[in-house]
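All chains are identified by letter, namely A, B, C and D, in their written order; residue positions are counted from 1 within each chain.
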């Protein structure tokens, strides 16, 4: 009896689900965007979404592509690869030509694999994956794909940037990273480039910590101090970075913190004034760059976001992605993923800060300039209302980080 | 020696923070049998309340007001939530708090946003108290130690010297006895739950600026508190205290000792190479798994001694 | 023949589920909706997972916080198996990949079960919690088996199919999922009626009594845990077939919590409860999360409402109507239900409006979204929508209370009648 | 000389510092109906718990059907042929009456931990469970949830579960406690019937039940056996009169 009832209800629910089916005509160029929009990492996706929306409005005001406007369609992937793949299915159902994702190399790996298979199996309904921040080097090396384009430097390149920005008088460094694929590769690459570019630097300690499990970093600071390190290099993000730096500042350790992510949303707030002149971050963009280079157009663009959102524009660099899209779609002349992908590879653009960038044909890795900023008082645009902001201390040009790759690209 | 002393101090501070959170949960868990999943959420609420209050009237009033608010919320949860589902058993109670944890996280996100809030240490305490071998010991940590020690003393006295305390103590070890003694059990339950959540709130007030106040802080702190409570044992505040300090110290010292199972085997003349079975596991060093040790210890102690370290009855 | 007569609902359900995706079929382009199929496949997998979880919670009274460990490890086993098959090391028909996952789950269920089933009740729950944390941390640390953050990827197109299907389209995979889900559900249903299944109930009800009828409760728990591991592993194997990747998320606490939510919302007491719960939870997660930022809040509130007012779950609520159905007086409830509907709807809409308004002023607005109902943009800063929301909430709640009281009286009277009627012959 | 059903020699049990059972020696012959009586706190139930393996003994030895129970778990003692009921009703409340009885039967009919037999198809087993239900006068309550039965019915069900497994030694802990007169009479008849040809040991406060059923009676006072004899002898035993019956008579 129960079973029978259960089944009839099940059927009823399923029918209700049918009501959710939807199809829409293709009036805009839809870009599916999937990142965590809920759960513990919601801040990442949330911050990106706001900034992209602003950029897209800007690009659309400049004409969009092929006379159509770009439209961002967000999907919450809850940091789960399976949900990202469901988002991919949803995007292909609606014939969206692009899917974009920024956070988490595990999800990126799943998406590359999923996009490859989908495009293989459905030649009439292909999709391009735009990677705006998943940085595992593997993604454009062993796992490289014709359908995947990465618009951020990968971990090895960032490591090189960090090493190049290390001042001459720093000779003892300590490496601390999270114990998973990304952290491990940062650790490895930092060592590689330290030996290669700075043989004078001594690595006095290297440490892997379990991801997101440490609540008190004081013991690590004690250990780091005991090692006599002058600088700490870390790819940590989120609480693992915030708590690490806080613990160091609290203990009064005389250290400089070289990070990958201190400039991202939440970082400056968590670090606070104690990080002045101590915290450095490797970044694709800082609002103060345009001030420092006197680029009025770029400054107006970024200021517009601040005025509108009362919020830092840390990822204005995403504008480059959409400028590439705009150019590539126009060049391809049709919303055809294959044609757009061919148009994208090898394309070069002078970005809005005035630097040359190239989408490397061999591995679909964007090579562009990168900055290292120091957390300082007295800059024009401060970060998160802390009164401190990022002053550029080093600018690394594309040619300096044009690392080789091992990609064997298969083209359709 | 230097590392040892500093680590000892750090371990103590962290252990005391854990104790502040865990003591409330021990009270609740031991007496009502409720494994309160929302406990760490209240800890988070405490931090956020303190942040907001300190924006208007400063840190010191927040130190009193925020825990009170948390206590009120706790009382509300007990009276309108837990009491209702009590007859459906402990699983239902646990699930209720589990649902509350989900809701509180979302409500915090909706109220204070997704990013960390700038909840800072009061300026009065923002200076290094003393230096040990060149490492500063911030005054705020000493303050944390002081507060938690005071709290421990207050609970201790409260349980020993007041009438309600004596009833609670009796009920801690023999929950079925309290009602037999003719006490208003629902009222005592409400009181204990409110007191427990207020303690969590207090921990939030002084832990929120020591760590980072953000919506994920409950999620990261939650499991470890359970570990402490279960490890310490049901019905024993002393056990809880020892477990907190122990967990604080073990995580601190695990960082210092750079050894792995492979090193241990090497002592016995067995060399671990890449081709050894499970080489990957054997080569893991202690600092890499330091933060996981509490979970390992909890599993082990539950398997072999389900009443925990000093528990008066089985979990 | 009697078998068919008694079990026709199962077959009807199977047929309907097979036909169902065609509701989403895109006739203009001549293809299935990949989203709908993947979502339904996901429901199938999660339903198996939830049913296997209920083998512990519902059947044996064991509250686990780490069931995803078995699911995930099963998935990893299946993924490695597929890669071995692809490499030509072993031969296995594509259709039996989930079985490889199941055997993996069985193995880990047996090994880990030895540890966790030493205790029951809260101690059991805490051990599974700890174990879940340990395994999910290990999954990130050890590259060999778990493949690190990137996980293990597979290609499900294997050329070893027994049916000659290549499983390139989501539709083919959906059929595979449906088949396995059906088989697994039948097996789990049957397992309930075996001596072990019954003794699991017995140890849940009264483990001491079970001892004094000759059974070792621990052994019962262990075996039940192992079997639950098998079915969770089958689910994991199917997961691999759908997504062609398995990452550390599959062993995470979030996945375990999902099973718990599904089972409890659906009802642990009835066999189909977890399936019902899975549908609700997956739709909330994948459907509502597209519409609303606050979906997690809705899940939490739904969950709490269920725990407080309907601990028997959705299936239990439906089951309560069975006596009336038998006596043919179900339609007498129609009017009371209809009367309770408007206030309930009002309460619900008021609540949703309030949540959405709040969510849009704090999170949504910053995202540059507009709050629109039926194309009409709503200004979240004006007091009117807020007043409407609060009023709807308040009036709805008050009205529902009154209707609920009337409903309760009618219900009790009907049940009393039904009981007398049932007792009469 | 046949092996006694149960033999206790110098059995002691202490909880912490308190010694509850203080050196009990007791032999119970096969086929005997044996009652254990004594004032509250005498340790009767504790003795049952020791015999059935619920608690470990502190010292001494217990044999069941000639085999020592040292270190055995309750279920292992059960498999030696000993079954017991509880003072506080102990059934499977969320299962039906029929399933309760069938659970009692499973082990002894060799089903063990099987997960491949479908119980619906085990005709002999189900028929046997139904026969037992009829004997317990619970036939018409067959499909009711056990937790919903009346108190007396639950007690009857508990006896049913206890004897279902076919154990030849049956321990009943206050089987008629809390029953009305008519219910008690029915229960006594039931116990008399089901213990036919078996060894029965029971703790009971109702003296009419004790003297109506028992072949022998053991009197336990403060953890010590002060007398163990036929009902008639016990009735006449001065020490018992003094320690126990006297208080009731007075």
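Throughout what follows, a contact is a pair of C-beta atoms (placed from the backbone, for glycine too) under 8 Å apart; a residue touches a chain by one contact, two chains touch by 3 or more.
As the structure is a prediction and not an experimental result, all values here were calculated from the model.
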item	value
Centroid comparison with subunit A (C-alpha atoms), farthest chain	D
Pair with more cross-chain C-beta pairs in contact, given A-B and A-C	A-C
Gap in Å, rounded to a whole number, between the CA centres of subunit B and subunit A	34
Whole-Å separation of chain centres (CA-atom averages), subunit A against subunit D	72
Between subunit A and subunit C, centroid-to-centroid distance (C-alpha), Å	34
Where subunit B and subunit D are represented by their mean Cα positions, the distance between them in whole Å	47
Where subunit B touches two or more other chains at once, by residue number	109, 114, 288-289, 292
Shared interface positions of subunit C, touching two or more other chains	137, 141, 143, 296, 363
Where subunit A touches two or more other chains, by residue	46, 179, 210, 213
Interchain contacts (touch definition) - all pairs	A-B, A-C, B-C, C-D
Of subunit B, residues touching subunit C in the complex	33, 35, 81, 84-85, 88, 90-92, 94-96, 98-103, 105-107, 109-111, 113-114, 223, 226-227, 230, 280-281, 284, 288-289, 292, 295-296, 298-299, 302-303, 306, 314-315
Touching residues on subunit A, where the partner in the complex is subunit B	40-43, 46-47, 179, 207-210, 212-216, 218-223, 225-226, 238-239, 242-243, 246, 250-253, 265-266, 269-270, 272, 384-386
Residues on subunit A engaged by subunit C in the complex (per definition of touch)	1-11, 13-14, 17-18, 20-21, 23, 37-39, 46, 49-50, 53-54, 75-76, 78-83, 85-86, 89-90, 92-93, 104-106, 109-110, 113-114, 117, 121-122, 125, 136, 138, 143, 179-182, 184, 210-211, 213, 309, 311
Touch list for subunit C against partner subunit A, complex	9-10, 12-13, 16-17, 20, 23-24, 26, 28-29, 31, 33-39, 42, 137, 140-141, 143, 148-151, 153, 155, 168-170, 189, 239, 242-245, 247-249, 254, 270-273, 275-276, 279-280, 283, 285-287, 289-290, 293, 295-296, 314-315, 318-319, 321-322, 325, 363, 366-368
Residues of subunit C that touch subunit D when the two form their complex	190-191, 193-199, 201-202, 204-206, 208-216, 219-220, 223, 227
